[in-house]
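The data blocks that follow each hold one structure.
Next come two complexes, and both contain subunit A; in the first it sits with subunit B, in the second with subunit C.
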Partner chain A sequence: MGYVAIKGGEDAISNAEILVDYYRVKDATDPIEIDQIRTQFRLLVDKIMGEGSIYAPEHAAIALKQVEGDVFESAFILRAFRATLRRNYYSEVIDTDNMVVERRISSAFREIPDGQILGPTRDYTQRLLHPNLAEETFGSIEKFLEDFEAGAILENGNEIPKYSRVVDLLRKEGILRAVEDNESGRLVDITREAVKFPAPRSAALQMLARSETGGLMCLAYSAQRGFGSAHATVGEMRVGKVKIAVKDSKGRTRSIGRIKVTEAEMLSRIHVPHKDKVPYLSLGYGLCFGQNETKAISMGILDRTMRSDGDAPSEAQEFVLYHTEGVESYGFTNHLKLPHYVTFQSGLNNLRQAMDRRKKEMDKWRVGNMTRDDFKKK
Partner chain B sequence: MIEQKKFERAYNYAFIDEGTKMEIRRKMLKAVAIPGYQVPYSSPEMPISRGWGTGGLHASLSLIGPKDTFKIIDQGSDASVNACNLRNFVKRMTECKTTFNTSEATIIQTRHRVTEEVLTDKQIIVFQVPQPEILRGVERFEYKTRIMHAEADYAKMWVSLYESYVKFGDIMRGAGYPIKVNGRYLMSPSPIPRWDVPNLSHSNAIQLFSAGREKRIYCVPPHTLIEPLEFEDVKFRVEEFEGIKCAVTDEGEAFMDEIYENESSKKFVINDSNFMDRLKEGTRPNQRLFKNPPRNQ
Partner chain C sequence: MIFDDDLVLCECDLEPLKSFVEDLEKQHSVEVIQEPGICLTMIKAEDSLEHQQFFLGEALTTECEVSVDGTAGVGLCLGEEPVRGYCIAVIDGVNRLRGETPENVSEFIQSQRVVLEEREAKEQALVKKTRVDFKLMEQD
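And then the complex of A and B:
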């Protein structure tokens, strides 16, 4: 073994790396351009920017290309990249009231002030496969764009409309209010400080915003189906661009750009303990990078369930936050592929001794062909 | 499209930025000061998968300098693919010397083994820890286990060991045997075999345990008492390799790997790859061997 085996291990991993690069391009098709991934896989890029915890569409597109479209792996590469960047500023609180809205809906009311804006969504499409996409050409895309632009009507000219908030209506009426509890309002940075439980809401929301969409949906769904008590309604969900601002060294607020976010305000009923009091509504809040409505809504549901008492999985803050963390659960699940022969040997040793003990015990009771178990049966 | 230079990034020495390295070192000092206590730390993402030794890397990379000599083993072997990958990464990021020779190393990172060779006070050993919470098997919530540690309330663990004895006739814990540090905190030694557990006690080297995914660092400082949990009449026992000789060196008294050659025959080989190399050269490095107590009948 010794030195030869070392060479073996080294060679194997470097060859595997070359081989997987070969698999990426072995069919010798046209290379995908980063810009194509960034624009035509828009929703995928949004998703991994959220899980990768960095708003950087080009980096996300490169990561996707590098790992042949593996979402977990791409998000992981972005996270590792972001961890090497210095934190120069903390941004000011983003103002979603002044969002440049692409889409905003409320399922709580039929009509809402300033109107429902359906925007870009596949919610009401028929999920039929479009085989003609196999024949799509640059020409057909240009034609579509021309037709689209000819038919588009700009209602408000260049003015960006501002939309009032649906949940404010309920807030004014007193039906919607904050739950009065002794929750810590401390603002933590989960990238600089390990989370402790019970975690303050700021930490919980940060973790949910970085969590894996599928895992989040699974738990949010369980809460609605019966393992938990969420009966959430979409008070308002909006998708659009918001300004990011930071304070410079002289204390002036400086805008550093815009990012697209999805925000969900989920309404659910709060059950009050005493009969003399009146139940009311409270908010579960979700906000994530890009257009990722499944995530924002799931987040809104879990933000609420984690703060209610109950013994369902979705109601245990620790359970939700630890296990929806995609990069960590992905890493640990795959670490099982590492050799475990020492650990396994230690367990084997115990099992063999247990078998020996059993055999000795059986032998003590053996009379002729009768074993202890035969005696028991009688 | 963005300019290409945006993606040209020189990494900081030892990959992690200096601010975070300082933070990790502060947490290590706290861990040294409170033996066995799990100190939460920032645990930044690494370009290595979570669960594959990120915690160990945080500790090693915050300590390492260009004059250090780094050794890394996985399941006792310098040759293991993951050990090779991590060794290459550390070397690339620090330009330090690397070695397979246990006695030459100043920092040894390990997964699931302690070296057979006794370590010195010039050495630091860093354990990769998958699950730092020894009580996790008896209490699933972190906020509760923290309270149990604070109150030194380890009743649930004792009961679980007792139940194991009643059901199966022995304490059936394999790797990761529960230990008490300095008479106070219950601690997971990471999934090292029981064979290695007694060697943690009164070690000359600093023994750091780092769990990246779980974001906890803890420590067994030099010359600190480690006691594996045991009853007066049911004692802690290490794995037995009685009468078993290594197929390569014909030596015994070391932790053995069991290798199946085919369905009917198997052989044993010494697990610690450097220890075996030294035996082949004809020297047997210093070892501390634990003798199992006689069994009560």
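And then the complex of A and C:
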């Protein structure tokens, strides 16, 4: 399909841009501070950073404020912001073994080394609305913080616990193994190299890490429901902070800060084709910015399904990776609102010509009041 | 150790860092070679079983370069933090002057490390309260 550009409308477009800003503030309420968004909407900020593919909490909060909380638009803006900056550093591989954990659970094992830590979660709470939040004041927040923080009991001085991996137990036993396939292990950067399918796993993981959470969940859920071969269990999911280290311009390795990530190790059984071979468990891997458990789990499921041979949507690598790319799919869906006058008119003309042809054809057969269709019926 | 010297400077409170660097500025001649500016760091990760490396995404980073008595110092930290980036660069330059960290810098970093460790430990203590031991229905 060809496109024909439009012109004109500059005044209306710039007025619309001002009008949407007017709608953002027209009720003249107190301006929301960026720090308030960054801290009190932390999960939303985390989600946007993941989909925007840039870890920048303050800028994610600004994007959210700018577009009145539209998640897709915020991620789009962050991607655009990212595109204006030079990439000067590559980090060392982040070490999730040494994560400062604030949450780690396993649904595969009840008892795990170093224990399960529920951490900050709403998983076990009733989804009831708390209308009293409408009355929240700075004073009530301070009181809550004071009371809650008073309960912190330091047992081992300032020692920060390190947690061993749950799945290491299965790996040592030989039940958990790498998937036996011939997939390329090449490290690809999809922001620098066009993706070709079948894509190397590194490209797939990078695309999943920046994909849209809802899209990922939709396909991962379809695989769990039976449209695919996944029957995944959370071997371990952990949320916490990891250190980022880079080589500076003098060649020295330097820590530049920490980021929060969610990591999900999804266990699923690998069926082997031959009777003499023993089935085993393998891992689908999910890792994303911030605390975004739905995304990490879905990513882990889809990492596994895309490496299987089935023909369900969740098992088709190209289908999964292209359609969960939020900025692309959001952009395409919304471009449908932009003028398509010429293309639509061209289609309409074709339809009219087809109708004319049909009418002329029918007129050839007309005898008195009888049409071609009347003859056919007889 | 979680908080190495660089990480301490990246995460400590800005006010004490600024004030410490202001003192250093009085003792040394500091010239800005590269103004603090933002750029990106691509973060490399790997899956925990097959160790397949991949790129997780980028992180906003501030970089700055200064000269301290003619010795280059480089400042790097996550986020858009021009003041912190500059301060880290000055401290780096001071450290590189004689090839070792001077005592006053060590003392400052250690004092900030203690603050950060206490803060982290306090949060960990709160997190630890959510440690769970689920029982099966047939268990007591």
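FYI, the second predicted complex is superposed on the first by the 365 of 378 C-alpha atoms of A that agree within 3 Å, B and C clash if a C-alpha of one lies under 4 Å from a C-alpha of the other, contacts with A are read in each partner's own complex, and residues count from 1 in each chain.
Here is the rule we go by: contacts are C-beta pairs under 8 Å (C-beta built on N, C-alpha and C of every residue); 3 or more make two chains touch, one makes a residue touch a chain.
Being a predicted model, the structure only gives us computed values, none of them experimental.
Q: Clash or fit: how do subunit B and subunit C relate after the overlay on subunit A?
A: Fit: subunit B and subunit C sit side by side once superposed on subunit A.
Q: Between subunit B (first) and subunit C (second), which, if any, makes contact with A:D373: first, second, both or neither?
A: neither
Q: Please indicate which partner A:S255 is in contact with in the superposed arrangement: first for subunit B, second for subunit C, both, or neither.
A: second
Q: Between subunit B (first) and subunit C (second), which does A:E58 come into contact with in this model arrangement: first, second, both, or neither?
A: Both subunit B and subunit C are touched by A:E58.
Q: After the superposition on A, what does A:L187 contact: first (subunit B), second (subunit C), both or neither?
A: The second partner, subunit C, only.
Q: In this superposition, which partner touches a larger number of subunit A residues, subunit B or subunit C?
A: C
Q: Return first, second, both or neither, reflecting whether A:D27 touches subunit B, subunit C, both chains, or no partner chain.
A: Touch partners of A:D27: none, neither subunit B nor subunit C.
Q: Is A:R82 touching anything from subunit B or subunit C once the two structures are fitted on A? First, second, both or neither.
A: In the superposed model, A:R82 contacts both subunit B and subunit C.
Q: Is A:E135 contacted by the first partner subunit B, the second partner subunit C, both or neither?
A: neither
Q: Using the touch definition from the top, say if A:V246 reaches subunit B (first), subunit C (second), both or neither.
A: second
Q: Is A:P161 in contact with subunit B, with subunit C, with both, or with neither (first, second, both, neither)?
A: After superposition on chain A, A:P161 lies in contact with subunit C alone.
Q: Between the C-alpha centres of subunit B and subunit C, what angle is found at the C-alpha centre of subunit A, to the nearest 10 degrees?
A: An angle of 110 degrees, rounded.
Q: Which value, in Å, gives the least CA distance between subunit B and subunit C in the superposed three-chain arrangement?
A: 5
Q: Please write out, lowest number first, the residues of subunit A touched by both subunit B and subunit C across the two complexes.
A: Residues 58-59, 82, 86, 191 of subunit A touch both subunit B and subunit C.
Q: Considering the complex alone, what residue numbers of subunit A touch subunit B?
A: 1-3, 5-6, 8-10, 12-13, 34-35, 58-59, 62, 76-77, 79-80, 82-84, 86, 191-198, 316, 318, 327-328, 330-335, 338-343, 345-350, 353-354, 357
Q: Can you list the subunit A residues touching subunit C in their complex?
A: 49-50, 53-59, 82, 85-94, 96-97, 100-103, 110-111, 115-121, 148-149, 151-155, 157-161, 165, 167, 171, 176, 178-179, 185, 187, 189-191, 201-203, 205-206, 209-210, 243-244, 246, 248-250, 254-259, 261, 263, 265, 282-283, 285, 287-289, 303
Q: Which of the residues in subunit C come into contact with subunit A in the complex?
A: 2, 4, 6-7, 10-11, 38-50, 52-61, 63, 65, 72, 74, 76-80, 114, 117-118, 120-134, 136
Q: Contact residues on subunit B for subunit A in the complex?
A: That would be residues 1-2, 6-7, 9, 11-12, 15, 17, 23, 40-47, 49-52, 54, 74-85, 88, 100, 111-113, 130, 141-143, 146, 168-170, 172-176, 191-195, 213, 215-216, 239-240, 248, 255-258, 269, 271, 273, 276-277, 280 of subunit B.
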